[in-house]
Amino acid sequence: MLAQQLVNGVTLGFLYVLIAVGLTMVYGVLKLLHFAHGVIYMVGAFAAMVGILYLKMNFFVAMLFAMAVAAGAGMLIEKYAYRPLRGVHPITTLISGIGVAIFLENLFQILFSSEPQAFPEAGIEVSIMQLTESISLTNVKLYIIAAGLLGLAFLYFFLKFTKMGIATQAAAQDLRAASLMGVNVNRVVSVTFMIGSALAAAAGVLVALNFNSLFPTMGSIPGLKAFCVVVLGGLGSIPGTVVGGLILGIIESLSDGFLTGMIIDKDAIAFVILIAILLVKPSGLFGQNVEKV
Amino acid sequence: MDAILNPYYVDIVIFWIIYILLGLGLNLITGYAGQVSLGHAAFFGIGAYSSAILTVTYGVNPWISMIVSIGITFVVSAVLGLPSLRVREDFLAITTLGLGLIVQSFFKNAAITGGAFGIDSIPAPSIFGIELKNAGYLILSTVVMLLAIYALKKMTGSRIGRAWRTIREDETMAQAMGIHTTYYKVLAFAIGGAYAGLAGSLFAHKVSFISAESFGFSVSATVLSMVVLGGLGSIRGTIFGVTLLYFLPEIFRIFEFDLIDPKYLDIYKMMLYGLLMVLVMRFKPKGLFGNFGIKRSQFRFFRKAKAKEGGHVA
Amino acid sequence: MVTLLKVQGITKQFGGLLAVDGVNLEVRQGEILGLIGPNGAGKTTFFNILTGLYVPDEGSIEFEGRAIHGLKPFQIANCGISRTFQNIRLLKEETVLENVKVGMFGKTSSGLWSSILGLKRAKEEERLTEEESLRILETVGLKGYEGSLAGSLSYGNQRRVEIARALVSKPKLLLLDEPTAGMNAEEVQEMSSLIRQIRKNGTTVILIEHNVAMVVGLCDRVAVLDHGIKIADGTPQEIVENPDVIEAYIGKEEMTEVV
Amino acid sequence: MLEVEKLDVSYGGIQAVRGLSLHVRKGEVVSLIGSNGAGKTTTLNAICGVIPSRGSIRYNGKEINGLPTHKIVKEGIVMVPEGRRVFPKLTVANNLLMGAYSRKISKSILQQETDFVYHLFPRLAERKNQLAGTMSGGEQQMLAIGRALMADPKLLILDEPSMGLAPIVVKDIFKTIREIKERGMTILLVEQNASMALSVADRCYVLENGEIRFNDTADNLRKQDIVKKAYLGA
Amino acid sequence: GCAGGKSTQTNSGKDAKDGADTIKIGWYGPLTGPTATDGTHSRDAALLAVEQVNAAGGINGKKVELVAEDDQGKPEEALKAVQKLINSDKVVALVGGAYSGPSKTVAPKVQEAKIPMVVAYAVHPDVTKGGDYVNRVIYTGPVQGKAMADYAVNQLKKKNFAVLYVEIDYGKSIYGAFKAEVEKMGAKVVIDRPFKMGDKDFSSILTAVKAANPDALYVVGYYNEASAIVKQAKELGISAQLLGVDGFDSPKYLELGKSNTEGSIFTTSFYTSDQREVVQKFVKAWSAKYKGEPDMLSSQSYDAAMVILEALKKAGSDKEKLAKAISETKDFEGTSGKITFGKDHEVIKPVVFMNVKDGKFQYVTSKVYQ
C-alpha cells in the first residue's frame, strides 16, 4: 500500500507542479501577486471544452486552442488590471487580481452555469496501467507527469538561455533600468504573462480531463496550492517548484492514506508544511536571499 | 424602541459595524505596519469561538466573555503572528493565508469548537436582566466602534505609529534606528487581531450560531479588499471602503431591479463587485483615501510625485 | 583618551568571500576616524557588523566596555550608535520632518496606553521630538524642507536627511557611510564643518569616504581596509604616504593632487 | 547630434527644470554641473524618456521627446543612471548581457565586447558569477558603466559616474572616458567632481535651480571664479 | 427580550390583516457562492409551486407572491435575509431553502417572530428544536443512515463497510447513525475517512480503502465528490458495492461518474419515474419551465412550499393558525412521498432506495423509518 500511496503522491505532486509552472513565471519571476492564476486555469479548461464540443476540435488542437485563449486572457488581465498598478504597493495587484477572479468566475457561471460539467469525449480513453500487481496508474496521470516535466524544461530553457528570459528577470528587478537597456518592458511582461497563462491552461485541461469535471470555481483551490508550491520551492526556482510540488503531493497522499482523526485537514496541511519549512528556510527550499545593506 | 426600528435595518448596521472593526484591525496590521495579511478571518473566528465557548460551554456571562475573548485573541494573534512574521515579507500574504486555512480547519475538526456542527444558542449580553437585542445591541456596537476608532487614531498618531510606518517602509532601516521590529510587528498583529476578536465576539452574540464556514478565506479577502479600496493607512478610508463594498450587495437586496434577469441578479452583483475592485485599484491605486506610501518595490517606474507646498526653496 | 569602541578580530564571510578578515580597531572618545579603502574592501560590511545588521563569524566588539556583538540592531542603536546608509534609505513618501523624527525613536519611551489615553508625558515627548528634529534640520542645512516629501529631494539633500536622522538622537558614536557621495566641492566643505561641529558636540565619528582630501583635512586618524584586511592605521599624513595605501587605493598620480 | 530646446519638467506642480536648452555635437564630451537639486538628473531622465517633459529634444534631427525609453535606447542614447541601478539578482555576466539587449550581434562579437569591459574593470571579471546586488557600491558602479558600454552607445550619458568610487578607480574611469571619447563616442556627463569633469569635457553647462546659469568651454570655465569656488573647492 | 418579541408580533399581525390582495411567502437560500446551484433549484421549485397555485385561482381569491432572498450560504447573511423577509416584506410564512448552518441560525429568530417556516432540505437535527413554528419536509440525517444500514446488512448481506463521509454535519450525522445501526446488527465498519466538499483527488483515501478490503463502500456526500470517488475507485480496482445517500440524486452524478456509477445504490426521497400523479405533474411542469429534470432538492423545496400553500388554504394567513395547520399536515401527497409531520415537527415519509442501471436511476424499493 505504501508504494501505491507514493505513486499517488507523486502523481498528485506533478499535478501541483503542472499548475504551479505557469505561476512560477508570473509570481516567481515577475514577483507579481497574481491571484487570478486559478481563474486562467479555469478559462483554459472551458476553452478546451468549447473547442471540442462546439468547434469540433480533437483533443490536441483543443489543448492548443485553450492555451491560446488563456494566453490572450492573461495578456488582457495584465494589460488592464495589473499594468496600471506598477510602482504602487504590490498589494494593489493582489486586490485587482482577486477582483478579476471574482468577475470571471461569475461571468463563467452565467455562460456555463455553476454546475460541474463532464469533460467532453475527445477520443482520450482512460486506461489503467498495472505497474505491478498492487500498483496502478492511469494514462492521463502519465500525461500530467509528462506535461509537468515538459513545462519545467521549457521554463528552464526560457529563463536561462533566452535573452527574453533574462530580460524578464531584469525587468522584475528594476523596470526603469531595464528600459534604459532598451528592453520594451511592457512587451516582456506581456509575453511572460502569455506563457504563464498558456501553461496554466494546459494544466486546466489535463486536470479537467483527469477528473472529468470542470466548473467556474475549479481554479480557486488549485490557485492557492500553486502559490504554496511556488513559495515552498523558493520564488522562481525550477528545482524548487518540482520539489515543492512533490513534497506537497506526497505528504497529502500519505496523510490521507495513513492518518485519521486529524484536527487539521488536507488543504491546511499543505500550509502547515509551508510555514514549517519557511521557518527553517525563510526564502523557501531553493530560494536565495540576497539583501545587501 | 425595538418597535420603531426595523430589525432588518438594525441588523444591516450591526454587521456593517462588525466589518468596520475587522477593517480597522486589518488596516492596523497591513496599512500601518505594512504586514499583508490574508488570514484576518482566523482572528475573527478566534474571537467568535472564544465568546461562544465561554458562554455556551462554561456558562460565563456574555459581558465577561466579550472582554476575555478580546484578551484571548490579543494573545493568540501574537503567538500565531510570530511564525508568519519570521518569514520573508513578500511571502506574508501566502503564510497568513495558510494560517487562516489552518485555523479554520481547526474550527471544523476540533471537539471544543463543536466540529462540523458549530456552536449554537449563544446568548446575547443583557443589561438589568434585559437581553440586548436590536436597538440595544446596536447601541452597544456603535459605542464599541467609536471607542475602537478613537483608540486607533491615537495609537497611529503616536511614536508607535511612527515605528509601524517605518517598519512598513524599510525594516532594516527601522532596526538601525533602534526600533525593535519584531516586537512592534507582533504588537500590530496582536492589536489588529484583538480588533478582529472583538468583531468576532459581537458577531457570535448577534448571530447566536457560529460554524467554521463563517471564518473562511473569503472573509479575509473581502475585508482586505475593503481596506485596500478605502485606502491603506487611513481610518476614513477603511470606513468608506467597508461601507462601499458592504452596502453594494445590500442595495441589491433593498431595491429591486427590473432590468436584469432576476435569475442572474446575484451573479451580476458579484461581477460588479469584482469589476469595482479592479476599477478602483486602477484609477485610485492608493485607495480612495489612500495614505500608503509607495513601497520600495521592484516596480517603480513612473512615480507620480506629490510634494507639499512650502518645500523646495533651493 | 578613553577608548569608546574596541573591535577585535572581526571576520565576516559571504560564501567563499572574506569580506572582513580579522580586523582590530580601537576608536577613542571624541575623535573622527576615517575609514578608507578600495571598493569592495569591506567598509560597509564593517559598519553593518558594528550596527548588528550582520552577525560576525568571529571576533568581539566592545562599546563603552560592554560587549555588543550578537546584540540585535535595535539594541545596538539604543546603546548610542547610529548610522547613515550608503544607499539612501528614507521613508520616501513621508515628510522630511517625519523622517528625522524616526531617529528619535530610541530616545522616547511612551507606550501604547499613554498614547491612547493621551497622557501628558506622551504629548511632552512628541513636542520634544519635533523641536529637536527641526533644530537638527536647520543644522544640516535643510531648513524650509521639513514639509517636503523626502523622496522628492535631490540626491544630495536626501543624504542630509539621512545625517539629520542619525544625529537627532545625539548618538555617542556616529557612523557615516560616504556622506558626501554626490556632493560638489563646496558642499563637501560644508559637510566637513558639519562633522567638526558634530564632534564638538561630543559625538565620536567614524567616516567612510573616498574623498581623500576631505579625509586628510578632517580626520584625526585613518584606518585602511583592503580585501577585508586592515592594511594601515595612523595619522592622515602617515596614511597618504604609506606606499601600500597609495598602491591599493589612491593611485600614484592622485597623490600629487591630494598632498 | 543632440539638441534640447526649452525643456520643462515638473514633478506634481513643482518645476524642476525650466526652459532648459543645450546641445551636444558629435564627438564632444559635454558636462553638466550644478549643486544638489539643480536638476541635472532630471534633465538626463527627460532626455532618455524616463520622465515625461515638455519642450523639444532632437537627436540627429529627429524629435525623440515622447518616445518610450526603449526606443530612445535603440536610437543609440544610453544612460548610466544615478544610483547605478544594476540588476541585483542577476549575475555580473548577465547584467552585461542585458546591456547588449537591443543589439543584434553574434556570439563572438558579444564575447569580444564583454572581454573589453572585463579588461576595463578586472574586478568584474573576478566576480563574473556573483549576484550584482551583493557587490560593493563601487563594484556596482563599474558594472553599471560596463553594462552601458555593452550597448554600444552613440551618445553615452553618465550620471555621476565617480560617485562612491575609490580615487584610483575614479582615475581609471576618467581614463576610460577619455579613451572612449578618443574613439569618437559622444558623451554627456553629469559629475560632482568638477575638476575631473572639466578635465575631460570640451564644453560645460552650469545648472542652477533648473536653469542654465552659463555655459562655456571647459578651459574658460576653469578660470571663472564662481566655478572655482563652488565646484572646484579652491 | 419580551419587549422586542411582543411588539414585533403586534406589528406584523396588524400588517397581515390589511395586507392587500396578495399573500407573501418568503424563501431564503444560497443564490450565490459554492452552493448556488442547489439554492437556485430550490427557489425555482418554490416559485413553481406558487405559480401553480396562482394559476389555479390563488388562495381564497388572493394571489401568492414568493419573495426570495440570497443568503450566500452564510449564517449571518441568512439572518439578514430573514429579517428582511419578516420585517420589511411582511411574509406570512417561510420556505427554508438553505443548508444547515444558515437554517440553524435563523430558526430561533423565526420561532421568536412567530412566523411559520418549512425547511426544505437542511438536515441538522437542531433546526426544528426551537419550537412549534418550524417544520421540516426532509428526514434528518440519521434516518437515512439507519435505512441504509438496514438495507445493506439485511438485504445485501454486507458485513464489512468502508465509509467515506463529507466533513459537514450532513455527512457526520448520517454516518453516525449508520455506524451505530450497522454495529448493532453485527456487521462492522472497517475503515472510515472524512473528505471535504470540493476535494477532487481521492486516490490516497481509496488506496487505504482498498487495503482494508471492504465488501461495501458507503459514500456519504454529494454527487460531485461521489462521482469522483466512484471513478477513482474503479481506476484503483476497488470492486466493493457502492452505497450512497440522497446527495447522489442528481443527473450530474451519472454525467460526471460515467459508466463507473453503474450498480451503485443510494437512498433518497424522490425519483422522477415515480408514477404517482403529483410527481408526474411536477416533472412535466418543471421540464416545461426550466428544462431538464427536477432533482431531489427541487422536489423537497416544492413540497415545502406546497405544504405551506395547502395550510394557507385551510387556515388563512393568521400565523398562529397557519403554523398549527402546517404542523398538522397528514398524508399530504408530496412529490417526495406522503408527508406527515410527527410530534417533533419532523417529517414521516418513506425512504426510497434507488440504483443505477444502464446509466439511469432506477427505483428499487422504499420503506418508512422513524
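Every chain is named by a letter (A, B, C, D and E) in the order it is written, and numbering of its residues begins at 1.
Here is the rule we go by: contacts are C-beta pairs under 8 Å (C-beta built on N, C-alpha and C of every residue); 3 or more make two chains touch, one makes a residue touch a chain.
The chain lineup, named per UniProt: A, B = Branched-chain amino acid ABC transporter permease; C, D = ABC transporter ATP-binding protein.
In this text the structure is predicted, and so the values were computed from the model without any measurement.
With contact taken as defined at the outset, chain A and chain C are each touched by B, D.
Distance from the centre of chain B peaks at D, each centre being the average of the chain's Cα atoms.
With centres defined by CA atoms alone, the chain at the far end from chain A is C.
Taking A-B and A-E together, the pair of chains sharing more C-beta contacts is A-B. For this pair, chain A with chain E, the centres built from the Cα atoms lie 37 Å apart. Averaging Cα coordinates per chain places chain A and chain D 42 Å apart. With centres defined as mean CA coordinates, chain D is found 29 Å away from chain C. Computed from the mean C-alpha positions, the centre of chain B lies at a distance of 41 Å from the centre of chain C. In chain B, the positions touching at least two other chains are 108-109, 172, 267, 270, 293-294, 302-303, 305-307, 311-312, 314. Contact with two or more other chains is made by residues 11, 14, 35-37, 134-135 of chain D. Multi-chain contact residues of chain C (touching two or more other chains) are listed as 44, 53, 85, 87, 152, 154, 157. Residues of chain D touching chain A in their complex: 48, 50, 68-70, 73-74, 78-79, 81, 85-90, 94-95, 97-99, 101-102, 131, 133-135, 147, 151. By the touch criterion given at the top, residues 163, 166-167, 169-170, 173-174, 176-185, 288, 290-292 of chain A touch chain D in their complex. On the side of chain B, the complex with chain A involves touching residues 30, 36, 83-84, 86-88, 90-91, 93-95, 97-99, 101-102, 104-106, 108-110, 172, 217, 221, 224-225, 228-229, 232, 264, 267-268, 270-271, 273-278, 281-283, 285-286, 292-295, 297-303. Chain A makes touch with chain E in their complex at residues 1, 4-5, 8-9, 11-12, 15, 109, 113-118, 126, 128, 136, 138, 207, 211-213, 217, 221, 252-254, 256-258, 260, 265-267. If you check the complex, the residues on chain E that touch chain B are 1, 3-4, 7-8, 11, 31-32, 36, 40, 69-70, 73-76, 79-81, 83-84, 86-88, 101, 104-105, 108, 124, 126, 167-169, 171-172.
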